[in-house]
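The structures considered in this document are given below.
Look for subunit A in each of the two complexes below; its partner is subunit B in the first and subunit C in the second.
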Partner chain A sequence: MSALLSVSDLCIDVTGSDGPMRAVSDVSFDLAEGEVMGLVGESGSGKTLTCRSVLRLLPRKVAITGGRIELAGHRVTEMTERQLATVRGPVGAMIFQNPTAHLNPVMTIGNQIAEPVRIHEGASRAEARARARDLLVQVGIPDPDSRLDQYPHEFSGGMRQRAMIAAALACRPRLLIADEPTTALDVTVQAQILRLLLDLRDSLGLAIILVTHDLAVVSQTCEKVAVMYAGRIVESGPKPAVLGRPCHPYTEGLVASQPGGGVPGTLLKAIPGQPPGLSDRPPGCAFAPRCPIARSSCESAVPPLESAGPAHRTACPHWSELGAAA
Partner chain B sequence: MSAEAPLLQARGVVVRYDLPRSLGDLLSRRPARALQAVAGIDMSVARGTALGIVGESGCGKSTLGRALIGLQDLSAGDVSINGLRVSSNMPKDRRRSMQMIFQDPYGALNPLLTVAQTLSEPIRVHRIVPPDQVDDRVADLMARVGLPTDLMHRRAGSLSGGQQQRVGIARALSVEPELIVADECVAALDVSIQAQVLNLLLALRAELGLTLIFISHDLGVVRQVCDRVAVLYLGRVVEEGPTDEVFGDPHHPYTRTLLAAAPVMRPDAPPPGPPPVGEPPSPTDMPPGCPYQTRCLQAVDACRSGPAPPLRPFGPRAVACHLHDPAAARPDAGQPRPTEVTT
Partner chain C sequence: MNRYRFVLLRPLQLVPVLIGISLVSFLLIHALPGDPVRTLVGMRAPPDVVERIRAYYGLDQPVIVQYFYFLRSLAEGELGRSVVYRMPVSDLLASRAGPTLFLLVYATLLGIVLTIALSVTAARNRGRWPDQTIRAFSTIGLGFPSFWIGLMLILVFSVRLGLFPVSGAGQGFVDRLHHLFLPAFTIALALSAVLTRTLRASLIEQMDADHVTAARSRGVGDKDVFWRHVVPNSLIPTINLLGVNLGWLISGTVVVETVFSVPGLGFLMTSSIFARDYMTVQAITLVFALATVLITFLVDVVTVALDPRVRM
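Take a look at the complex of A and B:
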């Protein structure tokens, strides 16, 4: 099966006051139709830039400087803004952490969902409104007829996130990029939104990139996982393998530092130190300064990704020592 | 529980916020409306233990935390620490024994002050040590929370989030408090840093015998840190007890829902099951009867009218549910209970 989305050797630069700095380096991954991939990392790891670049939704002063992105046959990296407009919406769509900031406060929910349908498909007002109503039903908003004419401030946080999902689905995309979609929500509402995303995957064959820092969410929803650290994918593969038998010391550290699993009152296995900033990334493996199994060779060159099992790749050349250490 | 009096005792705590009245309300003589953030909570915290307060946003957990240490005026009820009444205008030597750590470490620090200034100010104001020893004391505090001393003359803005939170913790410790209220103190931190800060709190608690009130929406974090846990829903405690018992065998339907909804990291985790229904009602528009009845799948007619069910104790625990039968709920009633942590 050919991939719906194929990202290869993606590099992204951020221009600061000291000139351009590399924020994302050599990121590659594939995603098939109907697949859910978790993109995991801490703040500053480059996960949001990576997923935004798939639809070229990058802020000013941030530019793709290398690599290729192919989405459903479109070469996203080489398209003009005008061409991109045919991809954003009908092929790929995105939802964000904070729905309040991404919904227009002075436009009714119904019009916001109907607008892309009218623009992309040239639908009439009535057709677009009917589609918006169907979408509200599909994302589980009760009483859709009166909800269509309400404004975002009349919705609760969970309902706003549902409305944003409805607007993203308006043009029947094949890929949904969800950037921390449940981070701002309570656990009970988070469970509702995650269930909704998985139901949409099942009913529409939607592929989903779920960007999150929460391994527990990934473990419940994703088939495969890519872990990012300091702008690179350090480990990727099927979820049971990556979380069950981590082959990179960073992933292993993240899994071990999850609170709540161990005996109450006992210390967690925390990763010492902190991730490097954009300007002070070390020349070799960026995790080496915090790594329990690092050696001098780790500090000289960036280790390439190597195979650690079926479809399982790690950027640690010493991964075979990890199982033994645990 | 031992015979020793609890460090903190709260009785019937109510915090009500008056909502603004519009001109229309005044003209039509509608009564003033109020939002009851905390609706009558009794609570006692034994010395040296950690109590977790969990619940969804808007359930009143932050308001309760502030009310317990006198940062929030009570509308009714009273709180005492060491037998002395807590109020928002108590003298500073009483205030000293209770401190708070906030969620947003940067927002809680003065950006114009260096780390040393931030930490030395409370030491001077409360005359913890003679003036010539303040600098040594600051260095001790920084070492204790794992801050390298070369950060002493840096301002908050140039520190990382984890370092800022360590400064917040050091500042709370600077006046040698007995009780610390930590309000979502790791929610803003990255996972790998979160574990470091939790470890620091656990170590400090063991070392200094601190009493901790730990407010969090993250059940995993509470499970790791707290001996006892209180589950809040719309301003009321619906279940309370030793953490391992409440999490291992929840009795209130809301606690069960909350635990089922919280994702758990397991490599072979199945997809999430059917999610909980609905969202909490607005605290300005409370349903009659049990506050949870609008979402409860077990609710019967008795739950839909009358007063909210009281928090009824059974063993070391307590549950506020009309349908709860302590006798039926404890099949192992005759068996020895796991060792209690709340001496």
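Take a look at the complex of A and C:
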């Protein structure tokens, strides 16, 4: 099966006051049609920049400086802004962490959902509105006829996220990028939105990149996982392997620090220390200063990814010592 | 639709405001030194003539009584008589309101067009020379008084180039557009200097807004993003500022009409102040205050129409 999305050796630079700094380095991953991949890692590890670059939606002063992205046969990294506009929507679409800020406050929900349909399919006003109505039903918004003409401020947080999903799906994309879609929502609503995403995956055959901090979410929803640390993927592979038998000390630390998995009453083990900032990333393994099994050789060169099992890759050369150490 | 209910309620809330305005304008003019009757008849008129004229205009009564006379006649739509023009003030104002109204609308429209053109150009070329030029223009524009700009425009376009008349308001629509272009342009320049800063800043802020990124993520192209998402959201703060500045704009017509000798209310205002024509000054003050209130109200209506989140 050929991949729907293929990212290889992606590098992203951020231009600060003292020149460009590398924010994301040599990131590679593939995603098949209908597959759900979790992208996890601490704050600042580069998850948002990585997934936004798939649709080339990077902010000002942030640029892709290396690597290739291919989405359903489109060479995203080489396209002009005009060409990108034809890919965004019908091929790949995105939903965001904060639905309130990501909806236009002065445009009706119906118009925001209908807009891409009119642009990409040249649909009439009435056709696009009918599609918008169907989409509201599909994402579980009750009373769609009156909801179409309402504005975002008349929706609850969960309903806004549903509306944003409807707008993203309006042109039937094959890939949905979901950047922390539930972080800003109530716990009960979080579960509903995740359920909705999985239902949509099943009914539409949608591939999903799900960015999250929450390993519990990954274990409930994803088939594979990529773990990012300081701008690199440090471990990736099938979910059961990565979460069940982590082969990188950082992943192991993340798993150990998750609530719920452990025995009630035991303390959560937080990873000591902080990830390095953009300007003080070490020359070797960026995790070495916090790593329980680090040795001096770890600090000299960035360790390459190596195989730790079927489709399972890790950037720790000492992965075979894990498990025993824990 | 009940977001628009304030359209019906607002006039009721305005009654105390109007009473306040009338009181202030009445008292202000009476605080001024100088005797209007003496101005009218001259210093050498016999005392009994002076007293008769004083009584005729009600100026021999105590101030508070004069105020109630004033209110009563206001209620009857009667604004008193002008001691200078010897005619009812209402007729006098009616004959002068046309040019001022025309000038105000003309200047506002020119100002809006200028503001949008400048801000859009600046925002779409952020940091490059068109942006820097326009920012310099708005900073400099804020610093120059409009009477000076008006005089310079007269000097260049009327005196040197002979493109526009030096004074007057013209007859008929096209002639009026021609006559009032320079005065309207003077006001529009000042207005757009203020508004361009705000609109440019909001446009730039909105171009980076999250909802704009989201629209782009659905394949909405640059042009549609700009006109359908960026501009409508940017107009809201600018409309509010326009509302504040339109009040100032009305007083601006006083200066500009005087510089350009436009026979409007502003020009009448200055000449009436010098002539101590109490009734006329009072009436114009009232009309200007009323117009300010009305414009603020209109701006509220526009704001509610533009921003579904707003309730008045």
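Just so we're on the same page, the second predicted complex is superposed on the first by the 318 of 326 C-alpha atoms of A that agree within 3 Å, B and C clash if a C-alpha of one lies under 4 Å from a C-alpha of the other, contacts with A are read in each partner's own complex, and residues count from 1 in each chain.
What we mean here is this: contacts are C-beta pairs under 8 Å (C-beta built on N, C-alpha and C of every residue); 3 or more make two chains touch, one makes a residue touch a chain.
This structure is a prediction, so every number in the text was calculated from the model and none was measured.
Chemist: Clash or fit: subunit B against subunit C, after overlaying the two structures on subunit A?
Modeler: Because the two structures are overlaid on the shared chain, the partners are seen to fit without clashing.
Chemist: A:S43 in the overlay: touching subunit B, subunit C, both, or neither? Say first, second, both or neither.
Modeler: So A:S43 only meets subunit B here.
Chemist: Would you sort A:T221 into first (subunit B), second (subunit C), both or neither based on which partner it touches?
Modeler: The answer is first: A:T221 touches subunit B but not subunit C.
Chemist: For A:I109 in the superposed arrangement: first (subunit B), second (subunit C), both or neither?
Modeler: In the superposed model, A:I109 contacts neither subunit B nor subunit C.
Chemist: Given the superposition on chain A, which partner contacts more residues in subunit A: subunit B or subunit C?
Modeler: In the superposed model, B touches more residues of subunit A.
Chemist: Which partner does A:A128 reach: the first (subunit B), the second (subunit C), both, or neither?
Modeler: Touch status of A:A128: no partner.
Chemist: Thinking of the overlay built on chain A, is A:Y151 touched by subunit B (first), by subunit C (second), by both, or by neither?
Modeler: After superposing on A, A:Y151 lies in contact with subunit C but is clear of subunit B.
Chemist: Have a look at where A:L4 lands relative to subunit B and subunit C in the superposition and call it first, second, both or neither.
Modeler: A:L4 sits against neither subunit B nor subunit C.
Chemist: In the overlay of the two complexes, what angle sits at the CA centre of subunit A between those of subunit B and subunit C, given in steps of 10 degrees?
Modeler: It works out to roughly 80 degrees.
Chemist: Give one of first, second, both or neither to describe whether A:E81 is in contact with subunit B, with subunit C, with both, or with none.
Modeler: Touch status of A:E81: second partner only.
Chemist: Closest pair of CA atoms, one in subunit B and one in subunit C, after superposing: how far apart in Å?
Modeler: 9
Chemist: Show me the subunit A residues, by the header's touch rule, that subunit B contacts in one structure and subunit C contacts in the other.
Modeler: none
Chemist: Which bits of subunit A are touching subunit B when the two form their complex?
Modeler: Residues 42-43, 156, 158-159, 186-192, 194-195, 198, 213-217, 219-221, 239-241, 243-245, 253-255, 257-262, 264-272, 274-275.
Chemist: What part of subunit C is in contact with subunit A in the complex they form?
Modeler: Those in contact with subunit A are residues 208-211, 213-222, 224, 228-229, 232-233, 236, 306-309.
Chemist: Within their complex, state which residues of subunit A touch subunit C.
Modeler: Subunit A residues touching subunit C: 55, 57, 59-60, 81-82, 85-90, 93-94, 96, 98, 101-107, 112, 115-116, 119-120, 151, 153, 164, 167-168, 170-171.
Chemist: Show which residues of subunit B lie in contact with subunit A when the two form their complex.
Modeler: Its residues touching subunit A are 56-57, 160, 162, 190-196, 198-199, 202-203, 217-227, 243-244, 257-258, 260-272, 274-276, 279, 341.
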